[in-house]
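Beneath this line is the structure, given in structure tokens, with notes to follow.
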Amino acid sequence: MTLSTGHSAALDFAQPEPPDLSSGKYVKLWQGPQHPGITGNMSLELVLDGDTIVSCKTHVGYLHRGFEKLMERRSFIQNFTVVCRIAVPEPTFNEYLYSHAVEEISGIEVPERAIWLRTMNLELMRLASFLMWIGGQSGAFGQYTVPNWTLAYRDYVLDLFEEMTGARIYHMYIVPGGVRAGLPDGFEERAREIMKGAEKLLDQIERVMFNNVVFKARSKGLGIITPDMVDPYGIVGPNARACGLARDIRKDEPYLAYDRLDFETISGNEADAYGRAYLRLQETRQSINLIRQCLDHAPTDGPFQADMPNVLHWKVPAGETYVKAECTRGEYGYYMVTDGSEFVRRVHVRGPSYTHAIAVMERLAVGTNIADIAGLMVSLHTYPPEIER
Amino acid sequence: MNTVDEILDYAIDQEQQAADFYEDLAGRVEKGGMKEILMEFSAEEQRHKQRLLAVKSGEHELTPEQEVLDLKISDYLIDVDATDDISYQDALIVAMKRERAAYKLYSDMAEKLPESHLRKVILGLAKEEARHKLFFESEYDERVLRDN
Amino acid sequence: MNLRDLLSPFFVWQRAFEKPYTSIRPTIDRPGAPAYRGFHINVSEECVGCGSCHSICQNHAIDMVPAAEFEGRTGDSGLRPRFDYGRCCWCGLCVDICTAASLRMSNEYAWISEDPDEFHFTAGVDDKPWQNNEHGYRRAEGYHLYPPKRIEMDMLSPDESVQSFEEVARGYSEAQAKLEADRCVECGICVATCPAHMDVPDYIHSIRDGDYEKGLQLMYRTNPFPATCGRICTRRCESVCPVGILGEPVAIRWLKRFIVDQVDAKDYPRILNDQIIESGHRVAIIGAGPGGLSAAYYLRKKGHAVTVFEAGETAGGMLRYGVPSYRLPDADLDKDIAYIVSLGVDIRYNTRIGKDIDFEQLLQDYAAVFLSTGLSVPSNMRIQGEDHARVLSGLQVLADVASGRDPGIGSRVAVIGGGNVAMDAARVSRRLGAEVTILYRRRIADMPADEEEIHESQEEGCNIVPQAIPVEIIAADKPQQVSIKWGEAEMVQDPTGGRPRPVLQEDRMHTDTYDCIISAIGQGSDLDFLSKENQQQLAIEWGKFTPGEYQQSALQKVFVGGDVANRTADAISAIEDGHHAARGIERLLNPDGFTATQTDNTGEPA
Amino acid sequence: MNELLERLQRHFDVNNINVLKPGMTTLKIGKDSAEILIRELRDREGYTHLNFITCIDYIEDGIFTLVYMLHNYDSKHTLGVHVDIDREHEEMTSIHTLWAQAWTYQRELREMYGINFPGSPRLDEDFCLEGWDQIPPMRREFDTRVFSEERFGHREGRHSEVPRVHMKMELYPKRGGDEE
């Protein structure tokens, strides 16, 4: 299928004229920064005409901790403990990309075992993140059963992280040079059991949440992303795939062990909230499959860390790189510039939410019913911390 | 010397003579620091004497059956003279040799005696001297043979 | 609308009969995973207080605080890490970097208190319930944040090395030196252990920066013999290097040598820039060994006129005559000495105190005297037949070779002893083409020689016979040969204490014949140049001086140092004795000025 | 790839071409032709995806280097366009008409580095920092430690000792190379 994603004159990025609030016709409403319908701490400044949104502005900055700046005064090893906080539900992608950028500039070759353990770690992360997202999407439409299931089951995946990495949320497992440890005894059996349960759970969710007249009624037709919006708006990941674009960095520009895993890029043909949700459900299943493949193939012995210099005074040679990976929301990237000193010159973290939560959200919100704004927001799958970095 | 007291008196006298010997030598030596060492040897002999006096008065008992380690260091060293310019090493050799001779004397003496209390006392004295020998041989091993 | 979509959600009821996910705390305890990164554990006994945890902590959550019970232990700073849980992020980098693997994490994660200051504790010192938790995060086997293995020094192969007196250790290349310098964790524990308290971490840092001139300046602050010590130092520093606890210690000695090797001797005056302002005082030094010349250097820097009296015909003392050139080439020793002499140190060669000039005379003519005459008299075995013409002393053999004379050892040699002189005599003999047997009265592990020397002598083909006690030297059939009778020894624990002692086994005696026997069982001092009165005044114990503070002897203006005044009897201790005596002499000559801060060439207070 | 670079060199004054790895190249172009080059890349060369815009502060050279990272999904090639601007005259042509998310980046760069993009929408609206009264914080001269030490107190009861200094004081106060 060839889709037009090109830039056309028809798309107008001009900011809409602000509604005249003094007219008495509109109501201004702030949603967030603390609101159960918001994915994390950010807020939407909404202007309503009746139930209908006529203007939306995204406000961020409630989390800003300036990680990119902090990294400029921490050593290369210290930074690896900082980066995980840039996307709270998916710290692992930050760990991997940060490490990979440093490794690329330093010319460090990561051993085979670490490559597989990293791949498995990233897929487990995807599974945990999607489980949380499914609950969020369901909850945003007022259905609170599924969030209870998925958030609780996510904790079983976090148990696996705890065993593998020593922590449930900020794993700090992928470190420049490799990973911090091999798998603990009995991990494989427990992981397989949890994968089995997760598959069963996803089947149940499909029946309860997706084959559900209410969910369908509210999500179908909501927040339609057309293929011609994709590139002009920088839309990536499931948000782009749902409208038919088979773009997945894991497949297109394979990294880690993805070129040795058996999977196909999933793309859909319904570009609304329902289509995106269903695509994510399928990708969650795909993730389980990939985790199983990693368990099958990951070497159980051999080194899991490259020979490292003394990290206490590690100088990375001057260089520059941009590395990226497919996170649950699409292209996640680290741009790194080094100048030969003990500190990084500049790190820029590129998260998909930067565009999804601002430019895309502000456009899709217009014309939406106020009751659906939370559902729309979740259907774009955004994480505020990666906007603020 | 037929009685226990006689033999003990002899032994006590021997210790006193040894103490006097070192004290006399200490008065004559030339090397700095030797005087102090010889006075220390003399004091050691005085301690031996005190121990024997305690045995005689019954406050202390000899232990003829206790085994004493024999390092055999002095057995194979040549005799040296106690001259005015005696060195630390030689002073220790003199001391070891003297204790060894005393030990030999009492052991030989005991060998010739039938089983008796006297024999036990003499054997006890032999062990006592063996301990003195070990003291000086250990000292030699520590100081002279330190790097060896 | 599809009927299925209406009915399907009712599937939700099936779940009502399933086991719930949640459990009730605290009724049901849920411990952290076996590798959980929970509260910190420090095995304080194993910790050496290197502070690497403090250095790596990105949150400044760790302070190094004094822990009284660990103060004063060798190779231990006496400090222990104190955690501020208001800042800790439980990343575990402190555990990963811990040089002793003493720092760990427990799997405990619950700690409740209303007082925020409670969450501030010295792990392993303050009593915490999780200190002995079996589970928790440990650094994984095979995971390192600094290279545990040292960069090997290129050495001549044993086959090559026995062919000549060429230096065996070839020196690091710049790339090798930088890699090795990289391994230093900069704790500075070595600085305390180094007798001269050299600025080890700083000069290693200068290698990483490629600033060898700075490195040389740092070394000369505490040691004017860096070329020498860079080759033959006993390197106590390396024995306490925390990097050596789990891996191999940083090759501090080879790094020191690397710096010196990078700097040309002709650049020394410009780099070290020692400005001398004459003080008008005159100081005499007896003995031009490392102790004497070290004192000369630091005294000269203070502007005192220094005269060194040396009995031999060259300077260097035991470094010259006792250390063979395959370990310390003359050119390198001369590099150190030449710079000291260039500051205007007057050395009177072939001048023996007591014969050519009286000690009393020195006391009258000079404001202070530093006495560092070393241990020059070989010890005797005092066994029968020792005066045989074919029994040579190890020192004599080494001195002959150093002076270019043939020691006449023949082709089958027995060396008696286990110290460095014995190893050197043996290795020199190998180079002269002899077949060498080393007889030593204790076990190889007990040998006082450097492990490296023992290893290299074995590599070079010396046959070490341990637990062999010589008992008699016997004339052989041929006059150019000699026989030795020796007995095997058993090591016996001395009930009165001390190390295990060898006991001769009289039923296991052997007699072997050699072309010569080299006796190297130790050496003693020769203080006969001092009068009986002086000897009494100077307080001598077992042939050695017993200096007080600042190396001062019982005579106010006499300072003593080097092998004749310390128990360690190595070059670096002698160098420190000389340096410290120079400080003492400065205080004596300049009682009001010693607190004044002066500026040296590094721009920092000297 | 080489053809593309040749074409670009023919029409634009690009320099510092640097192949960082297969699939990624960076080049530098003057401030005035950057917008035209980027438009050309987007419309004619298939670099339809804007990965991000960012800035590197080379305070020692007095310049900000703006980085426009562009991606071509067909050739799977990423091209980094570097543009140096004077730190004293921190202004750059806006590209908000090229990509919908461009103005967000420009607004952030305005806040974090103080760079002006005339015409860019909502440029001076607060992005992350509400009520910020210091210099733009991503500039190198903004010292986070000084800032935090001025704003926030230190915890009572904290002090740390340096092992080598502590050992000197305890074990050999009169020795070593740094007193005398």
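A, B, C and D are the chain letters, set down in written order, and residue numbers restart from 1 in every chain.
Here is the rule we go by: a contact is a pair of C-beta atoms (placed from the backbone, for glycine too) under 8 Å apart; a residue touches a chain by one contact, two chains touch by 3 or more.
Values in this document were obtained by computation on a predicted structure and should not be read as measured data.
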Pair sharing more residue contacts (C-beta pairs) when A-C is set against C-D: A-C
Whole-Å gap separating chain A and chain C, where each centre is the average of the chain's CA atoms: 55
Cα-centroid distance, chain C relative to chain D, in whole angstrom: 49
Separation of mean Cα positions, chain B and chain A [Å, integer]: 89
Whole-Å gap separating chain A and chain D, where each centre is the average of the chain's CA atoms: 23
Residue numbers of chain D (touch at least two other chains): none
Chain contact graph, described as a line, ring, star, complete graph or other shape: other
Touching residues (chain side chain D, partner chain C) in the complex: 155-168, 170-172, 174-180
Parts of chain B lying in touch with chain C, wherever the complex brings them together: 30-33, 35-37, 69-72, 75-78, 80, 87-90, 93, 134-135, 138, 141-148
Complex contact set, residues of chain A against chain D: 5-7, 11, 13-15, 60-61, 64, 66, 68-70, 72-73, 104, 231-234, 247, 252-253, 319-322, 324, 331, 333, 335, 337, 345-346, 348, 350, 354-355, 358-360, 363, 388
Chain A-touching residues of chain C, taken from the complex the two chains share: 1-2, 4-6, 8-9, 11-12, 14-15, 21-22, 32-37, 52, 55-56, 58, 89-93, 96-97, 105, 137, 140, 142-147, 182-186, 208
List of chain C residues in touch with chain B within their complex: 379-380, 382-384, 386, 416-419, 440-441, 448, 469, 471-472, 492, 494-496, 498, 501-504, 506, 521-522, 524, 527, 530, 532, 534-536, 538-543
